[in-house]
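Each structure below is given as structure tokens.
Heads up, the next two complexes both have chain A, just with different partners, chain B and then chain C.
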Partner chain A sequence: MDFLTLLQVLDSTVRLATPLLLACLAGLFSERAGIFDIGLEGKMLAAAFFSAAVAYVTGSVWIGLLAGVTASLAFSVIHGVASITFRGNQLISGVALNFLAAGLTVLIAQTWFNQGGRTPSLTGNARFEPITLPFAETLQNVPIFGPIYYELISGHSILVYVAALAVPATWYILFRTRFGLRLRAVGENPAAVDTAGVSVVGLRFAAVMICGVLCGLAGAYLATSLSAGFVKDMTAGRGYIALAALIFAKWRPWYALMACLLFGFLEAIANRFQNIEVIGFVIPVQFMQALPYILTVVILAGFVGKAIPPRAGGEPYVKER
Partner chain B sequence: MDTMPKWVDALLVPFISVLIAFLISGVVIVAIGEDPIEAVKLMVTGALGSTYGWGFTLYYATNFIFTGLAVAIAFHARLFNIGGEGQATLGGLGVALACLFIPWPHWTLALIGAMLAGALFGAAWAAIPAYLQAKRGSHIVITTIMFNFIGAAVLNYVLVNQLRPAGSMDPASARFPEATNLPTLHELLAPIGIEFSKAAPANVSLLIALLSCFLLWLLVWRTRLGYEIRAFGHSETAAVYAGISPVRITMIAMLISGALAGMMAINNVMGEAERLVLNSVEGAGFIGIAVALMGRSHPVGVLLAAILFGFLYQGGAELALWTDIPRELIIVIQALVILFTGALDNMVRSPIEKIFLARRRARQAAQAVEPAE
Partner chain C sequence: MADSTAPAIELKGISKAFGPVQANKDISIRVMPGTIHGIIGENGAGKSTLMSILFGFYKADAGEIWINGTRTEIPDSQTAIRAGIGMVFQHFKLVENFTVLENIILGAEDGAFLRPSLAKARKLLKQLSDEYALDVDPDAKIEDLSVGYQQRVEILKALYRKADILILDEPTGVLTPAEADHLFRILEGLKTEGKTIILITHKLREIMETTDTVSVMRRGQMTATVKTTDTSPEELAELMVGRKVLLRVDKAPAQPGKVVCKVDNLRVVDGLGVERVKGISFEVRAGEVLGIAGVAGNGQSELLEVLGGMREATGRVEIDGDPIDLTGRLSDGRTRRKRGIAHVPEDRQREGLIMDYHAWENTAFGYHDDPSYQRGFLMDNNALRQNTEAQIEKFDIRPPDCWQTAKNFSGGNQQKIVVAREIERNPDLLLVGQPTRGVDIGAIEFIHKQIIALRDAGKAVLLVSVELEEILSLSDRIAVMFDGRIMGERLPDETNEAELGLLMAGITDTAEAKPELELQEAR
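Let's look at the complex of A and B:
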């Protein structure tokens, strides 16, 4: 593999890791507050459809983005009402939301556009265009650094940079602010937070809403930046890979970045090379596709350091026992 | 928990939940500009109006009975098995290997062999998540989701690289030999003088599914093991105190669950397709979740819910054929059923509980007043 091929693979790694990262950080907020969310997939899918549909109709990707985030937030509200207000099973609620998104998006797409459950292709201002960072073209000929800056760092859509900035922002909010401390406490020991006079329900709803916004960005990125329009089931299990990355990262922001880059890299490799030959032994492409899931099971099994979720995760909080 | 009579808990609450789910589905149909009453009529005639429709309804129902029972038995041990899809996928592989590579003399023997192979492969696919949950505390929901994806990759690899006949572009196995083809309901019912559609895929697997319902009821409510599974599901600490091993119960419940999901393949792979194709499960593993929730994890409930979903599936296909309503409407209905019977159960339950509490208090107050007079 020569230098340019490597750069291209890394470049697509960045692009493929972005939706994973946004969804992973979304799950991080929710699960740190004690609300399991296997509905990341559904929220992304809903956001992908509504962002693409509204961007197509209005011609503005920004209004599309807003619509996508709104759709994702609506799903968050359902999840919050079911799992916080009515103390229902968070996992079952997540499963239901994933199906709701899978069904509704195609149903509405078919009614609105009549193109077999997809939106028309987006062009021009209805898509997020790549941004060329300053001096990218002038520095292009500088050896090593020039191509890296031009190919890898510059030339992505704005949401890629937003996702990158979301990592330090998440770290700061969770570990350096009072809100973050309380949010983490509510996922470990909600009774203590309640005793301190802080609303458990309020904090958990706040976390679920942040999760909705981030999933909305992830879905909008998929439909308006990575591809040009919505197609049926376009999230293709990315919500679950993000969940896997979250476990892989043991619910920590910087590790989440690393995990998502790793899983993005695996996807980029699987896309570019069909079967890879390593020392005379052919690795089938299906193995590369399954690798994120296999790695997650290995991590969950605790053979490579134990992944311990927030202690109150999945448990509805009941004030009086 | 004796605030409500038993029938309210077992029948009224799920009934109201499903009713809400259907009402919202009706609103969805109105919202996409179609007539819900017309849609229901079409679904009923399409799915139940002919033996052809019934044949498809019962074919789908057979799938859902297997996956519904699989989720239900895991629920009894308070385990959430989302892996039915992957276990049924691997079960399909087991059934295909048994049908392709063993020269069966007659379909009855082939059916028994295929059942064992499907159950074995399904159980094996559930065994790893079960072991990791029991021994290492890895969350079974996450591991079974991961195993769904790994299972899909395994099947893809085997079909493309191993089972695909030479020269074929289609990622599917060869046709199963004639001797393994299962008799359809038409062939079963003809000798006793009942005319049944020849074209419908419902087959002898339906009887196996009904038998499984009965055996599961026997296991859960009439055996020591079933008692242990339910005790473990109600309270792990109490079960441990009573000398029940959590590792053993987790393993056994999940192995039964995986075996049931894997056995679904005798219906869709052996009975209908008669060869192994990619994505032969078509989401039936997930519908099992809705079926088990709606049926309150009781075999009779699972059976009724499976027939309802079979009706929805066949009716949905008819709708897609004759109107502009896409098949995905069924996924929406399925989602709403899971949401209202599962996650929003308390929303329906607590108002009903309050009504019954108020009525009982009123009765007690009346009884307390009477002697004084």
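Let's look at the complex of A and C:
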């Protein structure tokens, strides 16, 4: 593999890791506050569809993005009402939302666009275009640094940079602000927060809403940046991989970045080397495509070690007598 | 003489009902500033409900709350905190993986960013620690602190929020005697600084030793408020229970018979590879109670678990001369019960009962394969329920309803369900761990009587308790465990709490340590 191929694989890694990272951080906010969210997948899917559909209809990707985030937020509200207000089972609520998103997106897409459950291809302003960072072209010929800057760092859509900035922002919010302290506390021991006179319900809703916004960005990125339109089940399990990455990262933002890059890298490899010959055998394409998922299982089973989830995670808070 | 100062807290006619249950009924109380006021009552008497109303968890159905002479509505905890009320709950409300400092500022931060809040809290904490002798490492994680220190963090949390009135709910339930003593010194210090303290407990000794006035609650009502110096433990006990209570266990001298249980060089290594029991040997005879004293966590729990078949060990244990299996292969609760060993585990809620099961289902555990409960392939639930009814009657379990789930019984009645189940099988050896932890005084008396009755029927009893008083009053012989070893054996008549306390701290040479002890007492 030469230097340029490596750069291209890494470039692809960044693109593929972005939706994972956004979803992973979304899950991080929610789970740190004690609300398990298996519905990342469904929120992303809903956001992907509505962003693509609205972007196509309005011709503006920004309005599409707004629609995607709104759709994802609506799902968050349902999840919040079910699991916080009515103290329902968080896993069931999440699974239900996943089913709802899987069915609803295709159904609406079919009645709206009549293209077999997909949206028409997005072009022009209906898509996020790559941004060329300053000096990228002038520095292109500087050895080593030039190509890295030009190929790898520059030339992504704005959401990639948003995702990258979301990592330090998440870290700062969680560990350096009052809101973060309370959010982490509510996921560990909501009774402590309650007796300190802070609303458990309010904090958890705030966390679930942040989760919704980030999932919305992730979904919109999938449909309007990584691809040019919505297709059925386009999230392809990314919501679950993001959850796996979250466990792998032990619910920490910087580790989440690393975990998502790793999973992105696996996917990039699978996409790039579809027919590798190893000692005379041609490895089937299907195997290469399954590889990221297989490795997800292997990594989670073997390499995570002891990951301690937030202690009050999954438990609705009931004030004790 | 008219009182010039207003009471720190005055409650007027507080009532609160949960459905048909009247938890508090027309309760009035005056707590003067700068005093320690005890509220004593059995479990379920309504003490905690009353304090929850004061801390804004519940809204009273009727009544008024006056704080420092002004009528105050307390709709939520935030208001209570602002009114200067601080609460130290029985189960600490701390975030385990946060530092002390983070726990203290939680909910009382200055501004949106943590750094300045933490810096300010650190300074104030230092000040408070010095002022009240409450030293805690501000950067320690809660999970690394002992319960005694965790409780200090709770107190500091309240003081940091500028509490003038401190409510402590059963504060010594989880503390060792030394930690409890330290706590009471801290409370004395707070009182001298002018703080008002409300101490909720069901332990008479604590009331007598620390409070200025005491209010007694029974079945949701305030039955009396008296000056502590004007009353006696006997009188308080009577007021609490509503009848005369025997505080001392009345028992005849033991008539020890043959050796029932012989333990030889028993060793237990836990899952982390730490040796918890380091080669202990002892015997329990028929017709005697061997009490094992010690601060929690010195290997007593492991010992009980091994004998009860819940844990592996090495060494030798004989029942009636025949060894029992310690490898874990043939040892479980069921095989132990077949050998005549009954077990009242230390933690009734985790090991003794299934909290979501009915009382009658709980009485079957461990004995569900009893032939009298079988009807072909099915269980004879009617027989089981009849048996439960009989136990409820005999052990005075309240409410007398075998369809209640275990969690809806009070602590004392839960324990009675477990004790009834185990004792009614007429075991040769009864293992009892912390039989009266969190149990009210009436039930304590009852459970103690049952244990002694079993002893008098010629059975062997191995009692593990962290309550020295209990050990001293029930045991015929006392062994003290420290760091996985037995530090010594004493006869209850020939020892006292001070000597046992030293053994519990690992000081075996009590003769030499005595001068130091007297010195401590003199202080």
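To be clear about the criterion, the second predicted complex is superposed on the first by the 290 of 321 C-alpha atoms of A that agree within 3 Å, B and C clash if a C-alpha of one lies under 4 Å from a C-alpha of the other, contacts with A are read in each partner's own complex, and residues count from 1 in each chain.
The definition used in the following text is that a residue touches a chain if its C-beta (ideal position, glycine included) is under 8 Å from a C-beta of that chain, and two chains touch if they have at least 3 such contacts.
The structure displayed is predicted, hence computed values, not measured ones.
Of the two partner chains placed around the shared chain by superposition, neither chain B nor chain C is touched by A:T18.
By the touch criterion defined above, A:A191 lies against chain C but remains apart from chain B after alignment on the C-alpha atoms of chain A. The larger set of touched chain A residues comes from B, when the choice is between chain B and chain C. Contacts of A:L100 after superposition: chain B is touched, whereas chain C is not reached. Using the contact criterion defined above for the overlaid structures, shared-chain residue A:S51 touches neither chain B nor chain C, since it reaches no partner. Look at A:K319: by the touch rule set out above, it reaches chain C but stays clear of chain B. When both complexes are overlaid on chain A, the residue A:S154 reaches neither chain B nor chain C.
Of the two partner chains, neither chain B nor chain C is touched by A:S76. Of the two partner chains placed around the shared chain by superposition, neither chain B nor chain C is touched by A:S225. After overlaying the two complexes on the shared chain, residue contacts for A:R178 are found with chain C alone; chain B is out of touch. Chain A uses no single residue to touch chain B in one structure and chain C in the other.
Residues of chain A touching chain C in their complex: 175-182, 184-185, 188-189, 191-198, 311, 319, 321. Of all residues in chain C, those touching chain A in their complex are 48-49, 52, 55, 57, 76-78, 80-81, 87, 89, 91, 93-98, 102-103, 105-109, 111-115, 117.
Of all residues in chain B, only 28, 32-33, 80, 82, 128-129, 132, 136-139, 141-143, 145-147, 149-150, 153-154, 156-157, 160-161, 286, 289, 293, 324-326, 328-336, 338-339, 342-347 touch chain A in the complex they form.
Those residues of chain A lying in contact with chain B across their complex are 38, 78, 81-83, 86-93, 95-100, 102-104, 106-108, 110-111, 117, 237, 240, 243-244, 247, 284, 286-287, 289-290, 293-294, 296-297, 300-302, 309.
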